[in-house]
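Each of the two complexes below includes chain A, the first together with chain B, the second together with chain C.
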Partner chain A sequence: MSTVTATIRHRVLPPRLTGQEIVLAGVLVVLWAALAVSTPAFLTAGSIQPLLVATAPIALAGVGMTIVIITGGIDVSVGGAIMVCSVLTAKALVGAEVSLPVAVLLSVAVGGALGLVNGVLIAYGRVHAIIITFGTANLFMFLGLRIFGSGTVNGIPGTLAFFGRGAGGRTLGVPHAFLITVLITAAAWWYLRHTAGGRHFFAIGGDAQAARLAGVRVQRRVLLTYLITGLLVGLASCFVIAQGTSTLDQSVGSGKELAVIAAVVIGGTSIMGGRGSVLGTLLGALLVQSVASGVTQLGWRSQLSDLFVGVFIIVAVGADLLRTRARRSR
Partner chain B sequence: MRSRLALPIAILTTAALAVSGCTKKNDNDTSSGSTAGAKTYKVAFVPKLQGVPYFEAMNAGGKAAAAALGNVEWLYQGPTQADAAAQADIVRSYIQQKVDTLIVAPNDPDSMAPLLQQAKDAGIHVATADTDAPSSVREVFVNQATAEGIGQGLTDALLTAMGGKGKYAIVSCGQTAENLNSWIKVQQAYTKEKYPDATIVDVVYAGEDQAKATQMATDLMNAHPDLTGLVGECTSSAPGVAQAVKDAGKIGKVFTVGLGTPQAMKPYLTDKSSTAAILWDVQNLGYLTAWAGAQIAEGKQFQATNNVSDKLTGVTYDATSKMLLLGPALQITDKNVDQFNY
Partner chain C sequence: MTAVAAQKEGTGARILRVLLTQRIALLAVLIVAVVVTFFIQDAGGYLTASYDFDYMSASLISAVPLAMLGLAELLVILSGRGGIDLSVGAIVSLAGMVFGFAYGEWGWPLWAAIILTAGFGALCGAVNGFLVSYIGFPALIATLATYYAFKSIAIVINNQEPISTAPIQKLFSISKSVELPLFGQYVPDIPLGIFTFLLPTVVAVWLLLARTAYGRRLYAIGTNDVAARWSGLPVRDTRFKAYVYAGLLAGLVAVVTVGQFASARPDAGVSGNGMALPAITIAVLGGVAITGGIGRVAGVVLATLLIVWLNAGILLAFIGNEGSQYQLLALGAVLVFAALLNGLTNRRYGGTS
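On to the complex of A and B.
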C-alpha cells in the first residue's frame, strides 16, 4: 500500500485505474463467469443486451452524481427530476408527436433547468447540498405529480425506441443507450483526469477553502456539477421512457436517486468528497444490474438482490474508510 | 455574503419542504350530495395510492354513487406512493375529521388493523374495499371478485393461448400485497389441478416499477428458453411483461396475460403481445364501495342479494365472511377494450 502511494506522489496525474476499479472489474468477471456456468443463457446476446440497456440510465445519471460527490456534495433530487423530465417528454411525445431529437432536447433542457435550480441554491445559498436537494426533490415530485394530473400517460409512441431494449435500440448488437453512456463516461473520465477544470472538482472536495485560496472559483464549479447532473438526468429520462412500456405512471423515477448513489459509492467514490472516478460508477451500476438479473435468472428470491446491493455498499464504504484511515495514520 | 443569504435560503428551503409536504395531501376530491333535509353521511375512501387510473376510476364510480344517492359526501384521498406509513397518516387524519364511514384499500393489512380499531373506537364505521384486512374489525369488505375468479380467469386465458401446456412464470409486484398473493395461490393450485402439463417455473416481485418488471420478464425468458407464458399480476407489470415479449421479438411464441387497466393494455392487446387483461368494472366497484359505506353509516343490513343501481343488480353478500361481491371477473381483449375509458 505505502509503496504504491509513494510512487504516485511523484506523478502529476492520478492513477489510470484505482484499486477499487480493479477489484470491481474482477468481481464482475467472476460474477459473470459464475452466472455463465450456472445459467447457460446468461452470457447470450439476448440476456446481456437488455442488461446493458437497464444499466444505462443509472450509470449515466451516475456520471453527474460522481462529480457532485467528488466536490463533497450530493443530489437526492435525481428521482424527482427523472419524474418531471419523463412525464413532460412523454406528454410531448403523445400530445405533440415530437420527433426523437426534439424529445431528447426537451428532456435535457428540462433536466438542465432543474439542475440549475439545485446548483444556484447550493453554490450561492451555502446550505449543505443534502438539505437543498431534499427540498427540491419534494418540489420536483410535486411538480411531476401535477403534470401527471391524476392519471397515467397512455399510448406513448415508439419514437424513443432508439434507446430501448428492442431491435431498434441497437446497432451491430450494441445497445445505443449503453454506447452513449460509455462515451459520456469516457469523456468525463478524460475531463476529470486531464484538465485543470476537472482537477478543481477534486480540490473543492478535498478542501474548499484551500481550493478557493488557490484560485479555484468554487461557487461556479459547484454550480456546474449540479447543472451537469441535471442535463445527464434529462438524457437518462429518455432512456427510462424507452425501456418502460407505452404507459408512464407516477412511480417513474421513484427511488432512483438511491440506486444512482449506490452505483457511485460501490464504484469507489468517497462519500466524503475529494476522491472518485466515473469509470468506477459505470462498473458499480453494471454490478448492481448484473446481480439483479442474475438473481432472477437463477430463480432465487427477488429480495436477495437488495441484500447483495446492501452488502456491496457496506463493503465499498468500509474499504473507503480503511483507505482514509491508512492515509491519515502515515 | 454568507450571513446575508443564509437566512433567506434557509427560510425558502423550509417553506419548500412545508409546501411540498402539504400539497400532496391537499388533493381532496370532494363531491357533496344534497345538504338539505336528511343527514349527509361522510364516506371517506383511502386508496392504496392516488393518481393511477385504477383508483381514479374507483373515485369516479364513488362520485357517481354520491350524486345518485343524494345523502353521501364522498371523500377520496390516498398517498402518492403505495406506502403503508403514508397511507396510515391519511387514515389518521380522517379519524380526526370524524367521518361517518372510513373505507380503506390497505397497502399492508396487518399494520392497518389497529388503525381500523382506533377508528371504530372513535365511533366511525369501518370497511375495506379492493384489498381486505381480514383480521381487523371492518364491518364489510367490498370485494371486486373472488380470488378464485381472478386466479382462474388469468390461468384459463393464458393456458388457452398456450395450448393447455408448457412453462410459464409470474411477475408480481409488492411482495406483501394480500390480494396478489391470494390470486397467485389460486393460480398455482388451479394450474396443477386443471392443466397437469403446465408448470409455473418462477414467481418474481418487481414492486410498482414498470421498467423493473419488464427487465425481470426479459431475464425470465432468458433463464427459461422454453418459457411460453408470462403473467403480469398487477397494473404495472401487466404492460411490462407484454413489452418484454415485444422487445424480445417473441410475439406469438410467448403469450402474456395480466391484471391491466384497459387503456394501458390497449397497444399490447392490439399487437397481440398481450392475449387478455383480466379485470372487473372498476367504476362499478367504486359505486358499490360508496353505496356500502352509506348503508353501514345508516345502520342498514345487507341482504343476501342487493340491487344497488340499475346497472348493478344482484350483488351478493356473504354474512359469514361479511363480504360484498361485485361479480365475476371481466376478460378484456382487443375486441372489447374500447368500451372502457380508463
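On to the complex of A and C.
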C-alpha cells in the first residue's frame, strides 16, 4: 500500500535531486580535484572566493531564466538589461552618491521595469519570446548606450563593496553575493517544487493550452516569469558593478545572455519547457566559471574556456536526450 | 465564405488586408517611406551629408553579408522544429581565419581559397545539422554550443592575431564600387560584392527553394514534420542539408568580410552584437515564421534593403556614435513592430504569407 502511495507521490512531484544534478555535482568534484592536483593554488580561499563571486550574477540571472525556460519561453535580452541596470546604478552611485539599499532598490526596480516590458509584449502580444526579446535586446542596448553617453563611467565609489571580492564582501569567508544567490536559488527551488504557483510554470511549459483549460491564468503567469527575471537581473547587475574596478565600460553585459542560457541548459533544464531545476542552473554556472578559472590558472588562453562551454552543453544535453530516448523505448 | 467577404470589403479594408497579409507589399511600402523621409530631410538640410542615390548605392555594401546570412537563417528556420542558427557569426570568424591562412599565408590561388572556405563553412554547418537532425538536439542548444566552440577555436587558432598579409590587403577591391557597362553612366556605381557574391547567392537560394524538389521538401518538413515523415520524405536528410547550406553561406560571407576589413579578424563575426542576431532579425522581419515552413527569398532581400537604407540614413541624421546607437533602436523597434504585426495578422486573417 505504502509503495503505491510512494509511486504516485513520485510521479506527481519530481525527484528532489535529478540525475543531471548528481552527475553535474560529480563532474564539479572531479574537475576541482584535477585542478587542485595540477595547480595547488586552485584550492585556496584566494582562488575559490573570486570564483564564487564571479558565479553569482550568472547563477542569479539563471534562476529567472530557468523559470522562463520552464514555461517554454526564453529571454535573450538579459545582456542588454544588465547593461541598462548597471550603468544607471553606477551613474547614481557616482552622481547622487546614493547609499547601498537605494542603489540595490534602484537597480532592481529598473530591472523589473525592463522585465515587465518583455512580459507584457510576450504574454499579451502572443508573439514567440525569442523574437520579442531579440527586439528588446536591441532596445535595451540602445538605452544603455544612451545613458553611457560617450565613454565610460569612472570613479564609482565602493558603496557596493558588500557584494564585491574584497574583505568587506565576505562573512565567515563566504562571499555575500554567492550567499544571496544560494538563498534565492533555494527559495526558488522550494517555490517551484512545493507550491501550486510553482507547479503552474511546469504545466504551462508542458502544454499551455491544457494548463489554460485546467484553470491556470497562463498570460499572467508568463508575464510573471519575465518580471522575476528582470528583478533578479537588477540584483545581478549590482553584483556586476561590485565585481569590477571603479570603472564601468560599454561592454558590460555583452554576451551575458548566452552565458546565462548555457548555465541553465547545462543544469538540465529542457529548452522545450516543462522540465528543469534552479539547483542545476546554480551547478551549471559554477561549472562554467570553474572551467574559466581553471583555464586561466593552467596558463592556457582564456578564450579556450568557451570551447569547453560548448562541449559541456553538447554533453549535458546529449546525455539527457539519450536518457529520454532509452526511457521511451523501455 | 471568404469570396463573399472579399466582395463586400471596401478599398481601404482591402489595402489594409493586403499590407498585413502580404509581407512583401508591406516591406515595399516601408522602404519607399524610409527613402522618401530621408530625401525630404536631405532637401531640408537636416543631414550631415547628402542622402542621394549614390549614397544609397554605396551603402549596399553592408547589405551583402547581412542578406546572405539572412538567407542562411531563412533556410534553417524554414526547416522547422524550432530551427535557428546562432552560430553563423562564429562560423564567419572561423572560416575567415581559414581563408586568411589559405590565401594570405599558404599562397593558394583565390578560387581555391574561396572553395576551401565555403567547404569549411559547410563542414561547420554539417556539425550543426548532424546534432540537430540526426541526434535530435534542439537547434537553439546545438548552435549555442557550436557558437561557443567555433568562436573559441577562431580566436585561439592564431593566438588572437588577425591575418593581414599583402594578398589579403589587396582583396579590399571586393568592396569597391564599379560602373555598370552599357548604361553605367546613367545609374550610380554599385559595390562589386553585390555582383560577385550577393546576386548569385540570392538567385541560387531562390532556385533551390522555388524550383527544386529539395525546396518543396524543405517547406514540407517545416510545415509538418510528422506528415512529411509519413509521406516518405527523407526528413532528417533534408533538415541536415539546410544547416549545411547555411554553413556554406556563412563561409562565403567570411570571404566578403575578410575583403571588407582587408584582414582576417578572429572576432569578425562575433564582436559586439555579433552577426547572428541581425541575421535572425532580418529573416523574421522578412516574414519568415519562426515555427517553420513559411518564408520567401524576396522577403529577406527587401527586409535587408529596408534595414540597410534606414541605417544609412540614421548615420547621416545623427552626429558621431549616436548614429550607431540609434541604429540599435531602429532595429529593435522594427523587429518588435513586425512581430506584433504578425501576431495581429494571424488573429485577424488567420495567417500571413
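Methods note: the second predicted complex is superposed on the first by the 310 of 330 C-alpha atoms of A that agree within 3 Å, B and C clash if a C-alpha of one lies under 4 Å from a C-alpha of the other, contacts with A are read in each partner's own complex, and residues count from 1 in each chain.
The rule we apply is simple: contacts are C-beta pairs under 8 Å (C-beta built on N, C-alpha and C of every residue); 3 or more make two chains touch, one makes a residue touch a chain.
Quantities reported herein were computed from a predicted structural model and do not represent experimental measurements.
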Label the relationship between chain B and chain C on chain A in the superposed model as either fit or clash. clash
Mind working out whether A:261 is in touch with chain B, chain C, both or neither, as first, second, both or neither? second
Looking at A:311, would you say it contacts chain B, chain C, both, or neither? Reply first, second, both or neither. second
A:71 contacts which: chain B (first), chain C (second), both, neither? neither
Comparing chain B and chain C in the superposed model, the one touching more of chain A is B
Between chain B (first) and chain C (second), which does A:272 come into contact with in this model arrangement: first, second, both, or neither? second
Return first, second, both or neither, reflecting whether A:130 touches chain B, chain C, both chains, or no partner chain. second
With both complexes superposed on chain A, which partner does A:154 reach: first (chain B), second (chain C), both or neither? first
Mind working out whether A:138 is in touch with chain B, chain C, both or neither, as first, second, both or neither? both
Who does A:165 touch here: chain B (first), chain C (second), both, or neither? first
Only chain B stretch among 40-48, 58-66 or 112-120 with CA clashes against chain C is 112-120
On chain A, positions contacted by chain B and by chain C: 121, 125-127, 131-132, 134-136, 138-139, 141-142, 145, 150, 254, 303
Given the complex, residues on chain B that touch chain A span 2, 5-6, 9-10, 12-13, 16-17, 19-21, 23-24, 27, 49-53, 56, 80-81, 175, 201-202, 204-212, 214-216, 218-223, 225, 235-236, 239-240, 242-244, 246-249, 263-264, 266-268
Which bits of chain A are touching chain C when the two form their complex? 74, 121, 125-128, 130-132, 134-139, 141-142, 145-146, 150, 254, 258, 261-262, 265, 271-272, 301, 303-307, 309-311, 313-314, 317-318, 321, 325
Chain A-facing residues of chain C, complex: 84, 86, 131, 135-138, 140-142, 144-153, 155-156, 159-160, 272-273, 277, 280-281, 284, 290-291, 320-321, 325-326, 328-329, 331-333, 335-336, 339-340, 342-343, 347
Chain B contact footprint on chain A (complex, rising order): 39, 41-42, 44, 46-47, 50, 54, 121, 124-127, 131-132, 134-136, 138-139, 141-142, 145, 148, 150-152, 154-155, 164-167, 240, 243-252, 254-255, 292-293, 296-299, 302-303
